[in-house]
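Have a look at these structures, which come just after this line.
Look at the two complexes coming up: chain A is in both, with chain B in one and chain C in the other.
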Partner chain A sequence: MKRLPYVAFVLWFLLLAAVPFIASNYFVKIATFLAMYAALALSWNFIGGYTGYPSFATAAFFGLGAYTGALLQNAGMWVGLAWACAAIVVTVFAALIGFAILRMRGHYFAIGSIALVEALMLVASIAADLTGGGEGLNVKIMPGGPNYIGRVFLYTMLGIMLAAFITTVLVDRGRLGFGLRCIQQNEDAADMVGIDTRRYKTAAFALSAVFCGAIGAAYASWVAYISPTDSFSILLTLKVPVMVLLGGPGTVLGPIVGSAAFVMMEETIWARYLDYHQAVLGLVIVLLIFFLPGGLLRIFTRRRVAA
Partner chain B sequence: MDYGQVVANGLMIGAVYACIAVGFSLVWGVLNVINMMHGSFIMLGGYLTFFAWLHLKVSPIVSVVPVAVILFVLGYLIQYLMINRVVTQPVLTTLTLTFGLDMILYNFMNLWFTATPRRVALDLGRLDLGGVVLPLDRVVAMILALVLTGLLYAVMRTSRIGRAIVAVRMDRDAAALMGIRVNQVYAITFGIGALMAGACGALVAVVFPITTSVTGLFLGKAFVICVIGGLGSVPGALVGGLALGLIEAFAGFWFSPQTAILTGFLIMLVLLVVRPTGLVGRRGYE
Partner chain C sequence: MTILQIDGLSKSFGGVQAVRNVSFSLAEGEIVGLIGPNGAGKTTLINLITGVFPMSAGRIVFQGRDVTGQRPYQAARRGLARTFQIVQPFAAMTVLENVVAGALFAGAAPSRTEARRQAMEHLEFAGLAAQAERPAASLTLPSRKRLELAKSLAMKPKVLLLDEVNAGLNTAEIDQALDTIRRISARGVTIVIVEHLMKVVLSLSQRIIVLHHGELISAGKSDEVVNDPRVIEAYLGSKFAARHGARPA
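Moving on, here comes the complex of A and B:
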């Protein structure tokens, strides 16, 4: 039973990787989104799931990565290198910011992380000379035709998802994961027994940023156009935690299950009700909070205990 | 434009800001819930005022009362039926819940009212004080904002329900032991928060164009003011509101309106790190 999450992940990974060979470009796009959101959810899980800090900074990392990657690429840098640089820039940014704002707890941290998204969005709008301001920024379109490009980005996102998953497994089994769980349960006690809480929290925050930065940069190259409101989207910053809550926070497989369930719901149910898109998403959130505390995975574990 | 005018503008807007933040701060301080619906409540109040003015020719100064009552009932029901069920859970749960509820409210407001900016044009003229020009509609909004904030302060200090709210804020368990029905107090507190937001919406409709797309902007201002002034006290919200009004007026005067908003967020982030209790400190609704 302990191996179940890994088997499930490998099957899911192989299924997504096989999509270009068995289905149309529409499904390739959905598979790319599935991988992208899974990686974002896995990232958030470090700080929000394991550490229990209500971070709403996902869009800040994503957007910063998108702009860094786009600007470097437009300056002539090779695409892959631009993505890697974006990931590094975002990680350093997260470590520096985290060192300051992780002193706050609970509500203050939540507000601070939302303010981070808003502040970066305003910076991107104001620095129009560099970022194009509210008009947005065009990124070079990759040569090779839609089929080829679709595959490149699917495998890029899958690669990032795989990296995020492996990191999660390592953290989950290692000393860092143990420390983060201690912080989640009782930060003062964790501090008392000798866990360097500040270092651990900063590490979790930086881990939650690195893949978001890479994804943001890859996304910018994929859609070839970014704007402040798209990149630093408040909706994205909420969607990702909701996905993790839907799957099961603080678990290895939860973010994968949650993001898969969420993206499929988005594609099948509420893509048909465009006018009520946000309301339906809101309703899903409300139902989730009331009827699924602990996420989808909890249902199965509960049953197992009962049996 | 000289500095006297900038200060006057800052103070006029600042009083409205204080009124915006005071309900948000009350809910956060007493319930420990960050109400992401606050911006939408303000806009809902603004729309109700606007339509009352447009179709029924009711002046905003009059319609502020029924609007506030409607919002109180809405807030009371939302807290009583929904948020009370999860109110003791971690911030992630309550914040996500109010965020989800806000998306529903926002969606329907967008459909019903559309995003067209609307404004109650009172055209009251202007007051000239030796070079400093004060548009009278803004002066009216400022005075009403100060009156509302003062009223809330008086209610908190003198009324039975006000004392009960303060008691619950200080110690929920002890208050329950004293016979205070905590869930009831929570619902009333949330209702008051919505009431203040709705009343502010009526004032905002006089000063700014109202449109659904600015709900996030007002919510952001409530965050900033709460952090600048300190949480859960009426004087704190007043100081924070006036401070933000002045900060934005000067930043807008020297740089640009967008930089003014950014300045607010940056000051808030710095304050969160340096002095999370705010300038006035954590004193409670005494």
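Moving on, here comes the complex of A and C:
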């Protein structure tokens, strides 16, 4: 039973990796999104799931990564290196900002983190000389044709997802994860048993940023055009926490299950009801809060406890 | 030998002076009672010593080292542990995990396995071994108080500040708690016990410190302190103190 999450992850990973060989480019694109959202959800899980801090900073990290990666790439840097640099820049940014805003708790922290998204969007809009402002920024299109590029980005996103998952497993089993869970349960008591809460929270916030930065940069190269509203999207910053809550926060597999369920729902149901799809998102959030506060995975664990 | 020395500790919250120029020291291995009427500043004093709030003025020396301005996690790692008046478990974790947290982070256990082994010992000591795998939220109040004790013991404290560990317990449970505290003291841990029940204070402590309106009004041997007119006045009012003083007991 303890190995189940790992087995499930490996099967899911292999399935997504096999998509280009068994299905059309449309499904390759969906698989890429599945991997991308899984990695974003795994990232959010560090701060939102394990630590219990309701962060809405996902889009800030994603957008900052997208712009950093795009600018470095346009300046002539090799793509892979540009992505890595974007991840580093975003992580350092998160560590510095986190040290300041992690003093706030609960709603205050949530609002502080959402302000981060808005502030960065304004910066990207105003600094037109550098970022192209509201007109957006073109990124060099990779050579090789759509089939090849589709595969490159699927495997890139899968690689980031794998890295995020391995990091999650290490954190979950280690001292850091245990300390973060203590903070999530009772921050004052955590401080009192000898946990340096400020350092632990900053570490969780930085961990929640590193993969978002890499994904943002890879996304910019993939779509070859970014704009402030697209990169620093409020919808993205809301969607990712909902995915984790849907799957099961503070668990290894929850973000994977949640992101898969969410993206598939998006593709199958919402695409048919374009006018109402945000209303459906709202409905999902409300139903989650009332009926599944522990996420989808809780359905199975509950049954296990009963049996 | 002095293990903890407090010099001129003061704390004001806005215009309210919660603790005013309090000084005392603890000798290694003793049990000291900290008493005072409600609102005297006992819990604030403990919060200041363990770094929960920054102090407005004063100095704290622990084991010969100036630790003024330490944060709670630093106090915990140095060996200054405390329990909470209102118990603070990690509710969704098991009883064992609660104690493991203390052993791992403040007690500096070298590994999770070792921390678990130590935690089991402390649970047995506190009489909670049978509940080790239950969630902490499912415990009754007396058991939660025992969990707080086990958790703070796992932190390998040199000084243990017990903030009303007996509040809300019945007579039988208090006797059990007293026995536990004596056994902790026998291990060489210096103990400060904040308590309202005089029976408990008098039976446990070698010395007593009395706070009133944030000031230290009396300190000394138990029998001296309870006959101090200022202490009687603080608890029972000036009229009673005058009458009591007129007729020496």
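Operating definition for what follows: the second predicted complex is superposed on the first by the 307 of 307 C-alpha atoms of A that agree within 3 Å, B and C clash if a C-alpha of one lies under 4 Å from a C-alpha of the other, contacts with A are read in each partner's own complex, and residues count from 1 in each chain.
Everything that follows uses one rule, which is that contacts are C-beta pairs under 8 Å (C-beta built on N, C-alpha and C of every residue); 3 or more make two chains touch, one makes a residue touch a chain.
Keep in mind it's a predicted model, so treat the numbers as computed, not measured.
**Q** Overlaying the two complexes on chain A, which is it for chain B and chain C: clash or fit?
**A** In the arrangement built by aligning on chain A, the partners chain C and chain B fit side by side.
**Q** Considering only touches as defined above, state whether A:Phe178 meets chain B (first), chain C (second), both or neither.
**A** After superposition on chain A, A:Phe178 lies in contact with chain C alone.
**Q** Going by the contact rule set out at the top, does A:Leu122 touch chain B (first), chain C (second), both, or neither?
**A** A:Leu122 contacts chain B only, not chain C.
**Q** State whether A:Gly76 touches chain B only (first), chain C only (second), both chains, or neither.
**A** A:Gly76 sits against neither chain B nor chain C.
**Q** Mind working out whether A:Pro143 is in touch with chain B, chain C, both or neither, as first, second, both or neither?
**A** A:Pro143 sits against neither chain B nor chain C.
**Q** In the overlay, answer first, second, both or neither for which of chain B and chain C A:Ala189 touches.
**A** second
**Q** Considering only the touch criterion stated at the top, classify A:Thr197 as touching first (chain B), second (chain C), both, or neither.
**A** Once the two structures are laid over each other on A, A:Thr197 reaches chain C alone.
**Q** Mind telling me which of the two, chain B or chain C, contacts the most residues of chain A?
**A** B
**Q** Once you lay one complex on the other using chain A, what is the shortest C-alpha distance from chain B to chain C, in Å?
**A** The answer is 12 Å, the least C-alpha separation in the overlay.
**Q** Shared contact residues on chain A for chain B and chain C?
**A** The overlap between the chain B and chain C interfaces on chain A is empty, containing no residue.
**Q** What does chain A use to touch chain B in their complex?
**A** 48, 52, 54, 100-101, 103-104, 106-108, 110-112, 114-116, 118-119, 122-123, 125-126, 234, 238, 241-242, 245, 275-279, 281-286, 288-290, 293
**Q** Mind pulling up the chain C residues that touch chain A in the complex?
**A** Where chain C meets chain A, its residues are 50, 52, 71-73, 76-77, 81-82, 84, 88-93, 100-102, 104-107, 112, 151, 155.
**Q** If we count contacts the way the header does, which residues on chain A are in touch with chain C in the complex?
**A** 175, 178-179, 181-182, 185-186, 188-197
**Q** Quick check on the complex: what are the chain B residues that touch chain A?
**A** Touch residues, chain B against chain A: 28, 32, 34, 82, 85-86, 89-93, 95-97, 99-104, 106-108, 110-111, 216, 220, 223-224, 226-227, 256, 258-259, 261-262, 265-266, 268-269, 272-273, 276.
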